[in-house]
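When the chains are written out, they are named A, B and C in that same order, and each has its own residue count from 1.
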Amino acid sequence: MTIVLVLGFLLYSSWPLIQQQGIAFIIGDEWYPFESLYGMLPALVGTVWAVVLALLIALPCGVAAAIFCAELLPAHWRGSMRFSMELMAGVPSVVYGLLGMWVLLPLLESQLELLTGRTLLAAGLLLALMILPTIMVLSEDAIRAVRQSQREAAKNLGIGWDATLWRVLLPQAWPGIRVATLLATGRAMGETVAVMLVVGSIDRIPDPFYNFLQPAQTLTSRIGREMAEASIGSLHWAALLFCGLLLAAIAMGLSLLTQRKGAAA
Amino acid sequence: MFDRCNVGLWIGFLGAGFLLLGPLYAATTTIKIAGSTTLLPILSEAAKQYRVTHPDLSLTVSGGGSGMGVANIERGTIDIGMASRPLSEREAERLGASIDVIPVARDAVAIAVSKAVYKSGVTQLSLAQIAAIYRGEIRNWRELGGLDAKILVIDKEASRGTRHVFATVVLGSARARAPGATIITGSNNEEQSVISRSDQAIGMISNAWLNDRVRAIAVGEGDMAVLPTIENVALGRYMIKRDLNILVPKGSGDEVKGFVAFLRSEQGQAIVETVGFHSVR
Amino acid sequence: MLLLALPALLIPTMVLCYIFWQAVPVLNWGFLSGTADGVGFGVTEGIFSQLVGSLLLATMACLIAIPFALGTALYYRTFATPGQQRLMNAMFNMLQGIPPIVFGLCGLVVLVNLFAWGVSLLSGAVVLAVVVLPLLVLNTLVTLERIPNEYSEAGSALGLTKGAIILRLWLPRSWLQLLTGLLLAMARALSETAPIMFTATVFSGVVWPDSIFSPVTTLQTHIFYLAQEGNDPLLISIAWGSAAVLVLLVAFFGLLARLLQKLGGN
């Protein structure tokens, strides 16, 4: 109900833009509202980059920590560890933004000798921190759901802990970890305020495109920055709503995927 | 039977909700002000003083930028818009008949650099040099006589009033692109914070936001270069300047009119000068 | 592997400690109860009005969302066919996945402009309500699912109507869990910034909103503006202080929810 309403509404409101410029603006690489250029590519690339970076950092760390907690940590430590993770998951994103702005940026600037710390890397690191608890908690659940008998069977067969981990635990927990990853992807993609503070907000595809030490723009930070300024009914306005539509569409795709994979698990 | 019960539940909950909200709903006159962050200190201080003599009024002031001030006054969601630039032609077409544009202060847009840049000897630039920086033709301070350091070029969000004025004078058109820009910032505060935290930044900022770590450079060729001081603006020597306007719908209520009159009164203009701008009187 | 695990385990704890360490210098009673006497930048030292605004918004959002959540969940349990149930499940999971800023965008267009509610408490609360709705619905569903079928069957065998079953059997049995869900929803509503940034808040100038159509100030946006625009150390320490208060507030609701869960889950 709500969902159809929201989507329909977004589509309806961004229709003037599609009508006037066709659908090709999605892959346009220039965003200049003043010149009626509404290329979505810079923000799309930025969004993808930020999310990929976040996952690259958070996934190995999160899963490793989950394994550590689930398999190696004594039980009473596990409880408090989990508790603090849940606490972390609840920390408002704007607080991460503050952290990014006043701790991460100076750190990046001085350590990497960058012109400015406001880069895709900063956004990626911050997002990684934000999705870490999600990945960790869900992966831990998945690992602990592997039956004890399997572990013992592996032990009895004389398989070492390493091999058990790689051959038995991880393959079995993989569906759960995959769902965790998808959920985390959704959260990272839709995160607004924290990213907006550290990403630099410039509508330009990094040059070369894999250079994540450059400022960029994400879909959410663009909406956040420009939403209040566009006059209603203008093309600019329609273009921003289209950004929202894109976000919602990707998020729904992800969520469908999560549900199917979740069901498979 | 179930339906009746369900409806009962709904009504019960909604009723409880509105009962809780009821006492909060008591109308007092509110004047909502939003827009340019350059005008924010003036209007904030004025609102604070005005409230002393008009305790029944509630005034809210928020930023967002000139673009937002114009957009919101057009939407009718605020009572007074703040804009640190004149209306664009298209805006004037749409709003000219229904909105009064009232200047309340004058201001210079300073070309500001980080303290380290200033200390290294870059204390004046010509318009052409500034333009070259923003077009991406000059990328290192060394080319301008400073240290060997890349230039952190700060551009502002396209709809910001400060950018409008800067782009008109320096880049030739209010809507000119700045391909040399490194990052985009929004308000004066945000830009001030970026410049003061960097050692190699250049940006455009209202005169009132200059400080020890954010230094204005003189603009012009050779001996003709001038600093964005209030005197230079008043005498017409400094070119990157603008009126700071408020946007008031025609036919506003007496409360709004009263506040506008206060802004332009002697007391109001005294506030303008205390926070660092030039009076329009 | 430990090398990978360590940062994940340590950094979050460090982050929390860092926030509080930064916040300690400003945290005192005056900070919590002080209000902004002015409206400009830098004159706001107390965060009382922000605290009030945040709590009001979150409470209202939950109040608005509750009837819808309960109604939907009850419909799901009593009337919906399996096909409808699957559809509803998919829908709510999707709704949960949509970035909050998208709701903010819709709220800005529909509520603030189309309905002309303006930037107000009401607009913000409705937008937040939509954000927390899926969470509430899913929680309510889980709760209702836990009630054994025999319960309802025994009820209908005794000749109770569906309404009576819900009121007499389901609610008394599950109110604790429902409350848990509500608290979690509160925590969530308190931690969202993007959806209310353009629909409900101004930087300053409001202490007590005098109607549901007046804008509010909130902790979330306060931190945001200070982080983005703050340029002197005092403002930043205020931001850290506000952040600590917000984290504590969210943690408080989270903890309370956990406590109730333990009470109810035995």
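Keep in mind that, in the parts below, a residue touches a chain if its C-beta (ideal position, glycine included) is under 8 Å from a C-beta of that chain, and two chains touch if they have at least 3 such contacts.
Note that the structure is a prediction, hence the values are computed from the model and not measured.
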How are the chains arranged in terms of who touches whom: line, ring, star, complete or other? complete
Work out the mean Cα position per chain and let me know which chain is farthest from chain A. B
Pick the pair with more C-beta contacts: B-C or A-B? B-C
What's the distance between the Cα centroids of chain A and chain C, rounded to whole Å? 21
With chain centres defined as C-alpha means, what is the inter-centre distance between chain A and chain B in Å? 33
Residue numbers in chain B touching two or more further chains are 75, 186
Would you give the residues of chain A that are in contact with at least 2 other chains, written as numbers and ranges? 228, 232
If you look at chain C, which of its residues touch at least two other chains? 113, 228
Using the touch definition up top, name the residues of chain A that touch chain C in the complex. 1-3, 6, 9-10, 13, 58, 60-62, 64-65, 67-69, 81, 84-88, 90-95, 97-99, 101-103, 129, 132-133, 136, 186, 189-193, 197, 220, 223-224, 227-228, 232, 240-241, 244, 247-248, 251-252, 254-256, 258-259
Looking at the complex, which residues from chain C come into contact with chain B? 37-41, 43, 60, 63-64, 66-67, 70-71, 74, 78, 112-113, 116, 118-119, 161-164, 166-167, 202-206, 209-215, 225, 228-231
So, in the complex, the side of chain B touching chain A is made of residues 64-65, 67-68, 70-72, 74-75, 150, 152, 155, 157-159, 175, 177, 181-186, 194, 197-198, 200
What part of chain A is in contact with chain B in the complex they form? 32-35, 106, 109, 115-116, 118, 200-202, 215, 225-226, 228-232
Write out the stretch or stretches of chain C touching chain A in their complex. 1-2, 4-5, 7-9, 11-13, 15-16, 18-19, 89-91, 93-106, 108-110, 113, 130, 133, 187, 190-194, 197-198, 220-221, 223-224, 226-228, 236, 239-240, 243, 246-247, 250-251, 254
